[in-house]
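Following are the structures in question.
You will see subunit A twice below: alongside subunit B first, and alongside subunit C after that.
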Partner chain A sequence: MSNGKIVSIHSFRGGTGKSNTTANLAAQVALTGKRVGVVDTDIQSPGIHVLFGLDEDKMGKTMNDFLHGKATIKEIGFNIGENTGDEEGRAKLKGKNLWLFPSSIRGREISQILREGIDFNKLNEGLQSTISEFNLDYLFIDTHPGLNEETLLSIATSDILIIILRPDNQDLQGTSVTVDIARSLDVPNLFLLINKALPKYDFAKLREQVQTQFNAQVTGVLPLSFDMAENASKDLFSLRYPDHEWSKSLIGVVDFILAAK
Partner chain B sequence: MVVAFALLIAFAVPVLFLWILRRYDLYQTGKSTFNIVTLVAGFFAYLLAAQINPAILNIGLVDSWNEIVRFWAPIVEEILKSLIIIYLVNRADFNYIVDGAIYGFGVGIGFAVIENVQYMNNNLEIAFLVAIARVFSTNLVHATGSGIIGIALANQRDDKSKRAPLIILAGYIFAIFFHALFNSMVSEGVAILVAIIYGVIGVGLIYVIILRGMKIQKQWVTEKLDMTDRVTQQETQVVSNIEKINEVLLPIEKRFGTEKANLVRSLIYKQAEIGIKRNLLGKDTSEVRKAEINKIIAELGDDINKLRNQIGVYCMMMVREVYAGMDTQVFNLLNARIASAGTGQKGGGIWDRVTEKVKDAELQELKQSRLKAIKETSLFKELSEEALNAVAGKGLVKNYSKDEALMRKGDPADSFFVILKGSLKIVTTDSKGDEIIINKVDGGETIGELALIDQLPRSAGAIALEDVEALELTRDSFFELLDERLDVSLGILRGFSNRLRFSTTYIEKVIDWSQKTAEGDYSFLDNTQTIMNTTHSDDAKASQLLSTFYSMVSKVKEREEGLKQQLEILTFQIDEERRKKEFEEITSTEFYSKLKEQAQTLRKKRQGS
Partner chain C sequence: MPGVFDRLDKEIKVKQQQDGITALDLADLPPALRKIMRLMLRELQMSYPRLLEVMESVPETDRLTRDQLDSALLNLSQQFWLTHIGKGEKAIYKVNLRKKTGSTLAAGIWSSLNSRLKGKPK
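Let's look at the complex of A and B:
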């Protein structure tokens, strides 16, 4: 009997470090021994596979194939624990239960799905069966930024919604709408995560401010880090540099995820 | 006004006489402080005489003032004036007869000057006439009288024979007689012109005696200067031709400049003084004074050695060589011979030989100073003298004047420079085209050598800040040198590796500091004290880097501490109306209503499945 939870990671705008945060959170949760899956539903501009060291050659069947009925969920799951590669951070995932469900990065397949539209029932069915087929504890969904039908679906279906925002007015404005939507859709666990905070801000104060504004849990304030930017696409930063300020704050978020009902 | 002018004449003209006489002290051994001493002593002699003369009349020794003027005043005044001369002549630093004459002349002038003032004061309406008349008559008589006593005292100094006191007495009697005769003439109302002629005759007398004294003196000097004073035969001859000293020094002045010529002049005078002192030493009977004279000779010897060093070997060589058989006649003859024979011709004479020698010496000196500059560079400092010569031989010495460029940014790098003399700036331009000075380079440093090896264009320009002398080594000649000389190659490699090792040490330090800074550990700021205290050029650059780094971290730390204290608080504003509008836009769609309906079921279904 599966009691798996869907964790949607969302952000109002691009560039918040969403994919990076998703990959690192999923990996950190997997490190605790949980069975974890990561679905890339950002079909328009997929990217999370890079963080797990997956390239076009290694990529087999994708979510695009599933949505077109050309592959089953079982066939898509790419076992990261068996394919960690040489990078120091990812190597720590060896033997862990972590699967990636990538989107196609082939231009033709991307344009096809954009033209034909996503079959949301099919996607929804896919998400549900992913959990049951792989007996997952957590399924992380990396969504496309903004609010469109597919992100609304992922929000609607999620048990935990993590909204990533940068501490600026535009992000806060967008986040406010997402928060309202999430409440309207009765998402059981609504978490906020502040990323790319400039060191000039008082983090504690910032956390309190945002928390009060939305009446929602801020699970962490991650600093803007050049080390992070430098390493972002090469390896899983928080696994490689667990003592880094950014990593420490991120690992703090894991506790919220594990504690969520 | 007239009185002031008269006063000036009354004072200046007699002093001028004294100064003229001093020129006859050919060895310039007299001390100018003594001239002042004698002048002042003359003043006091007058003040005393002005008391004694009336006193003689008052105590009734004589009946009339006229008698005082004609007889007593000359005796009293000459004796009073001679007191200071007796003292000065018997000092250890006394030299010869001319000194005695000048001391005497000085005290006479001093006496007369104050007497002039007194007379002018009594005859203010004719002050100017009084001044003119007296300076050319009475003053000269006073000077002559004391001068003759001075000569007599000087001449018989150390003469222990019975004759000596008689000669001194004769001097006094002559002086008093000369003085008394003048006073009598004036009292009888003789014409001013006659009085002036009388005064001039007196001075002439002194002049004749001085000339005779000089002749004897020269003989002493020549006899007494010997190798124990490190004075060569030739130099002695220069000394004995002392009156032609300016002529003698002319060629020196031409070749080596006025400054050197003056040093040589001073050397010759000092040598002469030693000769005079040695003569005095031989005749002196006072052991105390002998010791003092010996001390003076030793001091003069030291002075001469110092002068020799200042003058330099090459100039001294010329002094001796040129004036071997010296009088100026010989010199003129030689010059004429050389002129007619032309330079460079065999047997051209002493001039060619000496000129060549001096040129060689100059060249040698120049070469040495260049080699020294080359050896100072980090690139060549490991090289032997012989290898340095090879380097110097490959290069071309070039001269640049202020603001001239040795190289420009972007030029192809086909040579490098060893700066031998002067300093220059290394410059580049900023984005606006303004000049930025990156560095300053001095003598004993190299520029452009790295470009020679990596063949990249000049990364910066070099511009002379003053007159610069630089040794330019082209790439070809440099590589030729490396090819020909293993020792030079090895030396240069050593120079390079020294620099590298050196840089590495500093880089390691910077890395260490960088790591600490990254970790927020600023403790090294407190543990590091002095950085900028080195002199070597590379060292200076490296420590400049360290110093810059150090101050950078200090500032970062400062800023960081400032930030901690005043962390900004984000102020944000959410547009609630827009929020509501966007929310409604999304929730009003059919898709959303369906989704909302399903959402609950979806989750429940999953939980339950």
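Let's look at the complex of A and C:
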């Protein structure tokens, strides 16, 4: 088995900023010199490719092609370090070892998966092969919100699970379900990350409350930010604005990832 | 024309897909088996000697004896939660995950969606 670690990023509900956080965390880890992959397993509503500047025209083979036996994992990996584009944040990834394994954004291919289902043996083979074939130190998995079968599979094979939640009662209840499942699947490192916290909150107190409620490490509290909203997924925010409060809190999460056994 | 072997092989494959394990089934396994299954998912396949090696690393309270392990492997294989090539000490095991079934919505909705998407403005 390769020593690469699988980091699943999950949220029980949509709109928590999961893809944005995943892309920024993966990019920050790549900046430390690690070899990093990002897989979009949100096959029914993919989106993380946007943050890496990939559109339908640039997108080659996808996870959908792999699942249908039409492409190998080697053919799917899109080298971000060689295709950073002009955006100021992404440009910092030039020459870094970061690959994206996108899901298709073609309606026909999404509907095909929804219609035909997913061969999980093949999906798992794909996830493990990305690590071995690209010699990755970390593979980030951007999952679909909620608890569907592909999300459960990614949780079951993770070394690190980061559950993103907002300080909202619906999120808190949903997170408790995910935490229970992750514990019953023996995920070695279970982390929480609070996003979209109102700046008027006492972040230290919030962190402590959530940590106590779930008996799990809160790795950071990211503020609700208009600047982040204004970025509109055009660029990797934490690379473009490294001194912003949101970015500084996110960079703190990287330490937890790198330290996890 | 497909032969008897092809037909039987196809039937086994269909059965495997229908009867595979889900992540929630994994959560219900005893700790030692769950550890093995999780590791097998990561390594994609495991030889019998490797299984014994992993069992040695399980805390003593959860560890299975060799007979218990053999019986568990047989049981998991009979449920199609594991597949294996070879027998005994030379066997190589693989987890068999249950396929996610497709949508049960009327098939017509997808072709209708396809044609609408094809006509969408760029």
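By our rule, the second predicted complex is superposed on the first by the 259 of 261 C-alpha atoms of A that agree within 3 Å, B and C clash if a C-alpha of one lies under 4 Å from a C-alpha of the other, contacts with A are read in each partner's own complex, and residues count from 1 in each chain.
Simple rule for what comes next: a contact is a pair of C-beta atoms (placed from the backbone, for glycine too) under 8 Å apart; a residue touches a chain by one contact, two chains touch by 3 or more.
Owing to the predicted nature of the structure, the values given are computational and were not obtained by experimental measurement.
Peer 1: On subunit A, do subunit B and subunit C fit together or clash when superposed?
Peer 2: Aligned on subunit A, subunit C clashes with subunit B.
Peer 1: In the superposed arrangement, does A:R115 touch subunit B (first), subunit C (second), both or neither?
Peer 2: A:R115: touches subunit C, not subunit B.
Peer 1: If you count the residues of subunit A that each partner touches, which comes out higher, subunit B or subunit C?
Peer 2: B
Peer 1: Now for A:G69: first (subunit B), second (subunit C), both, or neither, which partner does it touch?
Peer 2: Touch status of A:G69: no partner.
Peer 1: Of the partners subunit B and subunit C, which touch A:G107 in the superposed model: first, second, both, neither?
Peer 2: Touch partner of A:G107: subunit C, not subunit B.
Peer 1: Report for A:G95: first if it touches subunit B alone, second if subunit C alone, otherwise both or neither.
Peer 2: After superposing on A, A:G95 lies clear of both subunit B and subunit C.
Peer 1: Which partner does A:E150 contact after superposing on A: first (subunit B), second (subunit C), both, neither?
Peer 2: It touches subunit C, and subunit B stays clear.
Peer 1: Return first, second, both or neither, reflecting whether A:V177 touches subunit B, subunit C, both chains, or no partner chain.
Peer 2: Once the two structures are laid over each other on A, A:V177 reaches subunit B alone.
Peer 1: On the A-aligned overlay, A:E125 touches which partner chain: subunit B = first, subunit C = second, or both, or neither?
Peer 2: Second partner only.
Peer 1: Pick out the shared contact residues on subunit A: the ones touching subunit B in one complex and subunit C in the other.
Peer 2: 6, 124, 128, 149, 152-153, 156-157, 181, 184-186
Peer 1: With touch defined as at the start, can you tell me which subunit B residues reach subunit A in the complex?
Peer 2: 563, 567-570, 572-575, 578-579, 582-583, 586-587, 591-592, 595-596, 598-600, 602-603, 605-607, 609
Peer 1: What does subunit A use to touch subunit B in their complex?
Peer 2: Result: residues 2-4, 6, 124, 128, 131-132, 147, 149, 152-153, 156-157, 159, 167-169, 172-173, 176-177, 180-181, 184-186, 188, 199-202, 205-206, 209, 213 of subunit A touch subunit B.
Peer 1: List the residues on subunit A that touch subunit C in their complex, please.
Peer 2: 1, 6, 107-108, 111-112, 114-121, 124-125, 128, 149-150, 152-153, 155-157, 181, 184-186
Peer 1: Could you pull out which subunit C residues touch subunit A in their complex?
Peer 2: 17, 20, 22-24, 26-27, 31, 34-35, 38-39, 41-44, 95-103, 107, 110, 113-114, 117-118, 120
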